[in-house]
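Notes follow once the structure below has been shown.
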């Protein structure tokens, strides 16, 4: 039996583990105020081309979303997201628990559209009756989206422009950012993202790290973010452990290289399955493959690999997700293709 | 320069790292629903003598305190703690951020007194005017306390009895629990704690683990705690990583053995310093040493080791903390004694 | 110029004002612990046929919704509501501000459907992946709805049955309850409501009172609700002022009688307008009339009365609301019909 | 039996009721956007000498405190208050429910001291370890205090200076402000208060109104306060009802005149009781009298009037509060003096 249900099933990249073992007994200052974290911050900011930004290391994705959103919104503000946005669906109400509403707009291949965001926000500046409603105080999007799709540079620029027009921050959830940056369709770079967003994060948990998300934030955007991170229970005592992982991932482009591997294996799998007659359900160019399966096909898949059930369609077909990762072994893909 | 400012300056016990490296590339189910976590839970519950309790793995202490307290309190309830309790002072308002007040009572060597808790709660059942105040809905204490002192079995039993009398849960913060259990003065066992508390946690971060706290909870105390953990951003995707650490720490009594080492080194240091004329500020029998230093003594200490500043007294003396850990090297203690 | 934009534009019923003036200088115990409130509670519970329930007086609708929902939900729970539900749209995120998500289901004439609620909740008991989502912990509906429609007895019974099946409370927002009870289509009574709901409120603000909502709650549903009301800032110091209003409204069926007046005037207006060729947009049998207007019709309406803009349709038509109230003067209706 | 337990036992000043009856059936725009509220705002701002400030009408004190504090603090900030401050003790955790900690400093006759506030805040700008603690983000004080004492102009200026030094807002709870302004010891005016505070409120509930508090806020201090008021459930549908009360109270100095009456009666009562040998417990120059009574004296008092129990002293004596109000009848004071 194979396992392709997600991209966080293995531990950390071997280079990370090796270095962790090497540093393990060195006494190191707590809470990310150490030299390794400082080095990781420098490498990340260099890769982002924004030497003046801040970098903060948090542990996981839901935690990072909740912390950033809480830190930036005022009480009467909510966060705009696609109906399929991770914060709208799969985070156990973490955003609402911090007191804020998720304001959902329709998704198009998992993505928000700039014009729809603009039209939505505009209403709040013309009509008094909207004073009884939650204000859009931030735009949240995932790159890649929950459907594995990616925003083009043009789409990102359009959304960033809307955010600037209305003076609200743009926040990009990059839990799987490496897979977007390394995808065949990517026409944007990390530098573009850093230029267009007010705050975003570079996901480690799903792209080579044991855990950890690196928040990159425009300097001056949020005073005392450190204390809010602590308040949210997101401040790791042994913060150097997060810094060490990102320092490694941002040395010699390791982050992009290992993400690229996942992309190639995913494409190989998708093409082979399509050649065998399986139907793709999404055009995801990243490491997640979405298949539309008849009950018979599903039964067959079930025998050879674990997967994530995504949806059940009215006609009885199922949509499932298979995910590769930085750690996927080519021989496992071979075997899976063979078995299906 | 030496470093004795805290007990979380090194990484993980070598046996943990070794096993982590070994398991690293094995695909494992997420969110703690794996076999390693299951094994860790069994070992912990066996050590606790409470096979029917639940075990949940979280990442850090502030996070665990906030999650447990939020999960158990109703809106009109607060948590009773000593004025020096960690949740009252050092957690950046994490409890208040979840909507609850910390109700402080005086500390005696860092500890709460059963009679004072009883008298405090009693007022809420006699006088209507207390309906305008936050109800005590839980008692929180740290074992060992923030001053390194420990509650005796008798003291714990008395507090547990008060909690049962008023039917509110007793929650013990065991971020440094190993150091309490292994201290010379300990007249209680893990089984006693499990019997007396409704919920407590076994600290990993400060006692041998890279990170991680194991919450032990009376079954039935809290429905859907898993979802609340997720909501608080405290659910680790690669949960097996926490299970693996506790599974190792609870094999062959590793947890207690390594904690015992810290105790012995701390005692050796304290006795040597007292012999040299330094004054202890607390009777801490655990791994934390509190010294009262004249400005001259402080200047000397500053040259040989880092430490944590604890308080400044009206007469100009300073109170500082030195902490040993499971990883403290005897030769470092020797050198420190020598240098002072 | 006439004013039909809402049903809270006048003050209090004259009988209330008269009594208020009479009692004004009598020294009275605070916070609703007085004899007038006690009398009002008795009258309300008698009208509800549930002598054992609790009655609490709050000041306004948003406040009442937020307080009841916060008081009853646990952290991992949200409240199920129609997409058009007042708490989902018009309360400035008051529910989210208390930490809870509003879980929206489709509306049908403003109403929830029992089968859809059932199917929604069922998913949370079969599939583990729902543990990462907010649980439905309560069903909220408005009677009448935001579209002026009303749930039939059969519909209420079906929803109540679903709630009992899953053991979650049913909460009915009765901000305009009088207008539902007095409508021509009402096949349910206050006693039915009290029997079927776990908690509901009888709206005063829009039905004869200056302000005030009377929450009727099954005894035992919520411990210490009084303190939570205080915490939400919803406890009026001079609580007798609320009790006095409800005591008056529930003497000699005043509440129903004055609501009936609004219904009759609304029907008269609707029928006259339809006779003149105006198109109704909803079948509301209560005091709110929804019209679909061409731009020309809208221009005409604008000249004779204020109204509430409800929606703008793709074809350029507008949907507006006109509302009568307990205080509507028949001659104003006459004049409005005449002018249109 | 007389009733002197509080100053909110009667309804509204007769002039208010009279005007309310007169306006009752006039259709008026909702939510405080009407002409009466506009007039009340003008009168208040004129009395404050700050034509550019904002005025918002809320319903009650706890609600106002919670709303203002929530609106102004960021997540990592708390509010500094005296240990005896109303928000610290008697508001059922309303501040914590909004996510914020109340940071208490010692009280001196119920008052905060400027130097202690300064010293407290200073620590947060020197020492990194304070980044793990809640930041002081606002100073809250009550004028008069919960002990009936008042801050002198000099004391207010000193505290305002500290607030400006650290750039945090000063918020004054004026639930009983009229009684401070009219007291014999008052050396400050409403204009002084408006000049020194960033935000304060003028209490109506306890000084002549049926209910209502008027928040006066420096323009630009808080964007979209209206929406936050709505979110807190503090926006009254028939907002004109609050405006009408303040418009009346701020016509011909009614607010100050009726408060003055309470002061005179309180002084008369206190002096008469002291002449009879009763001991004052506080030097309150306002409408609240605090007496220290032996058990025998208490027994006597209990037979002639209701009162508020304030404290029980170690020697068995009791501290009680008697309060006069704008509505206190001189003959009741006469009778009370006679009976004691």
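Letters A, B, C and D mark the chains as written, and numbering starts fresh at 1 in each.
Keep in mind that, in the parts below, a residue touches a chain if its C-beta (ideal position, glycine included) is under 8 Å from a C-beta of that chain, and two chains touch if they have at least 3 such contacts.
As the structure is a prediction and not an experimental result, all values here were calculated from the model.
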Task: Interface composition of copies chain B and chain C: same or different, split at half - done: same
- [ ] Return the chain pair with more inter-chain C-beta contacts, choosing between A-D and C-D.
- [x] C-D
Open item on the list: I'd like to verify one number: the distance from the centre of chain C to the centre of chain D, where each centre is the average of its C-alpha atoms, in whole angstrom.
Closed with: 33
TODO: Find the geometric centre of each of chain A and chain D from their Cα atoms only, then give the gap between the two centres in Å, rounded to an integer.
DONE: 49
Open item on the list: Multi-chain contacts only, two chains or more: what residues does chain C have there?
Closed with: 75-76, 91-93, 97-99, 132-134, 227-228, 230-231
Task: chain C to chain D touching residues, read off their complex - done: 3, 6, 8-12, 14, 17, 20-21, 23-30, 59-64, 66-67, 91-94, 97-98, 205-206, 210-211, 227-228, 230-238, 241, 327
TODO: Give every residue of chain D touching chain A within the complex, in rising order.
DONE: 33, 70-71, 74-76, 98-99, 128, 131-135, 223-224, 226-228, 230-231
Open item on the list: Could you list, by residue number, the parts of chain B that touch chain D in their complex?
Closed with: 75-76, 78, 89-93, 96-102, 129, 132-134, 309
